[in-house]
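The structure appears below as structure tokens.
Chain nomenclature is as follows: A, B and C, assigned in order of appearance, with residue numbering initiated at 1 for each chain independently.
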């Protein structure tokens, strides 16, 4: 089964082939998915993911159905053996098997609860789908990974620079009013390292990425000073939760970590969006000619079409 | 007008023809609905119904539009003559006529309020659509009936046994943490009886089906002891509300009515889903080889495609 | 860029051409939008707009994606320069640019907050989309305008009377339990005047339309007595907010302004819907042969298909 749950489960040549295909076929319409249907299952909100998948599937001649768990659809239990007398009327063990009868692919967004790091680091919802689904599962951002975003990120870098190998890339923590998941930085860091970038993580000391991710990033430098953003090729800005104060908003004194044009230097700017202007990143960065984040968002559409075809063995 | 609101309004030969067509055409793609649109109107949550109708309509080349009453769309009044100064800004008398101008079929889900049995037993919302719509109405589960589910149920039984006539079938009440509607058991019981099954209803005394339904089930045995589940061909598990304590959760002492492998005996297991594991039904039943409920869920897709064609006089 | 934000921004010949095309092509299916996608972005609820656009786009062979801001999708900031540390995690400046990469048209519904007239009269959300989008924007009802409704209104009048010039048309204020926006009456009044109707606005003194709209309605009579409804060709019923008590429900003593058959006289009846029966308009008006509001609602579908083609330079 060709799931796409964590891009780093695939070898570099597979990821490179997906990028190459996405770049070669950008904007193409086809009937590759004619007669097929994809479930877009959202436990959480989405703008880009929902829009870009729905459009991409339509451009391939397929049908998508958006299901909102806990709103339009039932809330779902994921613990095996649960006595289900709480607020969740259906189990993923049943829902995933049923939906596999209707759809050719199950694409799932399931943010972490941000209450218990250990629970989130087990990525329980997407893993429950992996165990029970009988069709490919695409991760639309789980507690730990956002592989479609990471592929769009790397596609954007490759198109901008013609390569990924050897580029100086900084993953730059930004302030925020809320604690955010680590899925985006995890997947970006893993993909950048896997595709040969020289990655530096720039974040305050209380904001490490999960151990299970760092263990797969040997040789990646972690520094606690934004001066390290100078002289990078790419600065990837993103906020994420503290590990010590897991799930708590970052302390207000970190508002000084907002990314500004001065800190950005000569680097290209990337961000997965949504973005809180003038908290995470100054307006002037967004409105500058160094901002590639709209290309990056557009590339979600292109690379996801290739990922869909990959999961169905159609390329 | 070919509505599909209560399967028992149709004669046995019509129901048999729908099953025969659904079995013969399972999985087929066509353009039978090209240029046509179906409204999927939800007053309440759904997973299987929404997914299976959307996929089925796409497989027939049609377009579906999901409207969520009271969330994305306006809440709807159904009482004739109402002075509408409350929380419902639109009347079904208007909405049904307008939607009939846009769509070829109106498919409606409208659960009962579970407050007044007399009101629910009049099935007021789906009947308001029947009165006002100028295109066929398909019932996606109303206060009283769930005909698409019942057709999928009977299709599953017919595929499993090669027939429905003479099979020993038990409708088995299960415990739950909430009061649930009677639509599924009503429609299942009526369809099973109409298609020749030897039906037994197994439920505690406070949990009868509505009089108006029982009046159409002459000769059906009602027993209050789960020992009657032994030696059945099919056990159809489902919780529903008490009539005496209408809308109240079942008393906790009924948790002993959970369906277990021992009670199931040699029977095939059916359930409409969603299902609260280890409250209604033990995990071991779900994970056993006697569980046909995923086939049953899949058959929603197949039989509903036939029902759509039937309502439009396309078969 | 061919936006469709305020119909009165277009000259009369353009509006007439749209009506002529819509009447000539009503009900036609085509592949004019094959391979194209339209975003239906809702900050607020909708029944007719959502349904009629989704169906119309499907009839033209295109794909539509519904995005619900603040529910399924992120809530959006519209103020330039905002320090985004509140409840809105994304800025329209970013969302509109990103969505322009995915979609061929952005169609947006954004009701007014009805708290500050000055803010609403600047129509800030739709104008933020106009500034930032790089594809055409269609207004699905903003704080100030509902141009698709106005075009359906004028199409209905033209089909009923064979012309619009010289018809006696009254815009008739109705009572309501809530304060409602002025978008519908603004756009109807502007379109009726532009297309040559002899327009009279009939409303209590505290319920003027915005100055910026009235300034574009020279010669339109405003009267405060429903006797003026007698001897009209068309009565367009609608409630809207007081300007003095902006956003407050109309005083109860205005319930006497409900439209009745006696007040309607010989005129045809129009209303954009949704409508509170027996508060705004008596049941007897709705159930009379003078009621054209279902044709009017149907014409949303027809005229919007033409507007889509117009915005894409396809007609």
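What we mean here is this: a contact is a pair of C-beta atoms (placed from the backbone, for glycine too) under 8 Å apart; a residue touches a chain by one contact, two chains touch by 3 or more.
Computed from a predicted structure; not experimentally measured.
When subunit B is fitted to subunit C on its Cα atoms, the angle of the rotation, on a 0 to 180 scale and to the nearest 5, is 120 degrees.
For the pair subunit A and subunit B, the fraction of shared interface numbers is less than half, so the two copies use mostly different residues to meet. Distance between subunit A and subunit B, defined via averaged C-alpha coordinates, is recorded as 39 Å.
Residue positions 71 of subunit B each touch two or more of the other chains.
By the touch rule above, subunit A contacts subunit B in their complex via residues 34-35, 37, 39, 63, 65, 67, 71-74, 77, 81-86, 89-91, 93-95, 97-99, 101-103. The touching residues of subunit C, counted against subunit B in their complex, run 29, 42, 45-48, 50-52, 54-55, 58-59, 66, 68, 71, 177, 273-279, 283, 286, 293-294, 297-298, 301.
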